[in-house]
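The data blocks that follow each hold one structure.
Two complexes come next, and they have one chain in common, chain A, joined by chain B in the first and chain C in the second.
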Partner chain A sequence: MATMEAIQTTYLEAGLSFFDLNPVPATYEYIQAVGQLKSSGTSNATSIWFQLGDSGGLLSGSIYSDFQMAGLGGTIENVAPRTDQTSGLIYDAATGRGTQSDGESIGNFIINFFDYANANKNTSWSSTTGVQDSYIYGSTSGDRRTALTQGVVADASTVTRIIIASTGNCARGSYCTFYGIKSS
Partner chain B sequence: MACWNVISHQEASSGSVSGFDFTSIPSSYDHLCLRLSLRDDKSSAYKNNIDLELNGSSSAEYSTTMLYCGSTVLSTRAQSTYDFYSAYVASADALANTFSTAEIWFIDYSNTDTYKTWVSQGGIPNNDSTEWRWQNFVTGGNFQSTAAINRIYFIPFGGEDFVQYSTATLYGINGTA
Partner chain C sequence: MGVTTTIDTDAPDYLTAGVLTDVEAWVPITTSVCTSGGITSITWSSSTGKNNWSQYLDLVIIGSSNDIGAAANGCVVEFNGSTSGYMGQTLYGDGASATAYADTDLWLLWHQRSATEADRFSCGIGRAYDINSGKWKYWSTVCGDDRDGSGYAFLEHGRYASQDPVTSIKLYSNASSGGFAEHSRFDLFGILPRMVS
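Moving on, here comes the complex of A and B:
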């Protein structure tokens, strides 16, 4: 059996607004989510948010903290850390449908959830993202960002559900594959 | 032939350990990927360096450059001769039960023509935004040896221990035949 396996691939069609891995098999060491996301919101670049679930349902308490370092156009940026929030956030990692957005642009994400099935550890995660939105060729302006973000969900229960969305609804054409990576 | 292969998984399952040691690494893959979920017992600290040695060498053959950030500072540092700044580990004052993450790739680790190089990224998550109580990092490194990598050994920089439930998994990655 392969070490890295595709668990689920979802292409968002009309009527779907988020990616939902439910249940999450407990047989892997890591879960990796790889995809592209465009928001149906009216802003330009917009954020990815996620929530985890355990056997008691979605974890919606103030237990999510996340931190990002980013290249934004021609500058570097430390996004203000977020602590004790009700969902995880990857700042400005998806394209939007703002008035300046290029309709064919779409944000990319790779999110890793480490040792998610270990009931003795909080769930730590990291992501690499890139988005090029509302840009003009030959210019460094626009919502163009590449970022390394990481965080923790202060809950040690085994993760049984992962929901990923944008801060607005996901637009049609967004997609995500969840991979499971084994350790034996 | 499978693309991703588990070479070895090590876990501090029954208590603290002084380090993780991957020995007799086969040379049959194209790349190595080391995935870490770590915490150490360094007291009065939120983070610590990892001291990473290749092929048992602690001599002045290492060079690393790290891009890292805290809450208000984004900076870079370079280190030559020593074998640290390859990654960070969460320490005793970080949020309880919280482990740092890191992924380190050793590209073309078995060739005997070029120096060995790696890239890594990771972070120390926390629920405290005070400067240097969390950290993101990206690192590139060079080991001035043309020998194939057959051993990866790492410990907390000050001789502390990795605490229980810390894990390290070494993968061998294949390209096309």
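Moving on, here comes the complex of A and C:
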């Protein structure tokens, strides 16, 4: 087998509530999710978030926490630690605005889930995300962000499902590929 | 002297009778190594075989480079020969403070150059997303440059406002004088999807 394999790519031609890797193969050590996500919502405050699942279903309890540092124009956001969340918040306002054309503003993400099949530790994750929300071509104005985030899901069970979603449906043009990375 | 570029145009071995087989998701396409200093730019273009970029979902560039100029400068990324349409959001730290900055360039990496530190090379990993779509093209990079007491850690996300597929990439040093140093290298990888029903 290859060291890094594409497990599943989903490319949306119509809205979808979330990207879903189910089941997550237990044959890798790391899972990386890469893609672009635009929300069908019209709020600036749309977000990219995820939930993990185990044999008992999706983990929706208050077990997600993270640290994040972000840049917004000339402003640094050293986000206060978020704890006891019901999902992993990869980034606020990182999906692009739903009112813009499908081909323009869209959020980008790379998320890593570490040693997800190990049932002896909580699942740690990290991500880089960003969005350019400037809808005026050639303008340097508009909402733009880039962020580095690290978090943990306080559950030690083997991860068997990963969903990645936005606030509102994921709009067409969004895509996500889940990659599996093997060790030696 | 100059740049040695190797391009893999072999027929893809991951296609069997038109079916994508289980292989590495990253396909090494092109490597450029500077064999002398002062190289101002490197340009790659899609062609045939593995170097036909229309088969890839994303492209990834890994760079390890330095610049012979005395001033701090970076390696800029341009798509399809266009010099406009770029916007980026950076976040970087220099060990003393962090800075957020809105930019009109996309970067692969940044050289916090010191003329006496020729052996220290910056490093960066950049990704171009969904390069064959009708969407604007997006770019992200994570890079750094340690100068033994000074330097940067750097994160950027940005876009190129064009719906055209990406068919060429230019990497260039934005230094007013100088250029990539000898032994600088840049590697291009095509990232395969796996469409499942």
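In the analysis below, the second predicted complex is superposed on the first by the 165 of 184 C-alpha atoms of A that agree within 3 Å, B and C clash if a C-alpha of one lies under 4 Å from a C-alpha of the other, contacts with A are read in each partner's own complex, and residues count from 1 in each chain.
Methods note: a residue touches a chain if its C-beta (ideal position, glycine included) is under 8 Å from a C-beta of that chain, and two chains touch if they have at least 3 such contacts.
Keep in mind the model is a prediction, meaning the values are calculated, not measured.
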item	value
Which superposed partner A:Asn108 touches (first chain B, second chain C, both, neither)	second
First, second, both or neither for A:Gln8, with chain B first and chain C second	second
Contacts of A:Ser17 with chain B and chain C, given as first, second, both or neither	neither
Chain B versus chain C as contact partner of A:Tyr175, first or second or both or neither	second
Contacts of A:Met69 with chain B and chain C, given as first, second, both or neither	both
Partner chain(s) touched by A:Gln132 [first = chain B, second = chain C, both, neither]	second
Which superposed partner A:Thr86 touches (first chain B, second chain C, both, neither)	neither
Which superposed partner A:Gly151 touches (first chain B, second chain C, both, neither)	first
Touching partner for A:Ser40 - first (chain B), second (chain C), both, neither	neither
Overlap of chain C and chain B interfaces on chain A (superposed complexes)	2-4, 69, 76, 78, 128, 148
In the complex, chain A residues that touch chain B	2-4, 29-30, 65-69, 76-78, 80-84, 112, 114-115, 118, 120-122, 124-126, 128, 148-152, 154, 156, 181-184
Contact set on chain B toward chain A in their complex	2-6, 9, 35, 37, 67-74, 95, 97-101, 103, 121-123, 125-129, 134, 136, 138, 164-165, 167, 169, 171
Partner chain C, residues of chain A touching it in the complex	1-9, 11, 34-36, 69-76, 78, 102-106, 108, 110, 128-132, 134, 137-138, 140, 144-148, 173, 175, 177, 179
Parts of chain C lying in touch with chain A, wherever the complex brings them together	22-26, 57-58, 84-85, 87-91, 98-102, 104, 127, 129-130, 133-136, 138, 140, 142, 155-159, 161, 163, 191-196
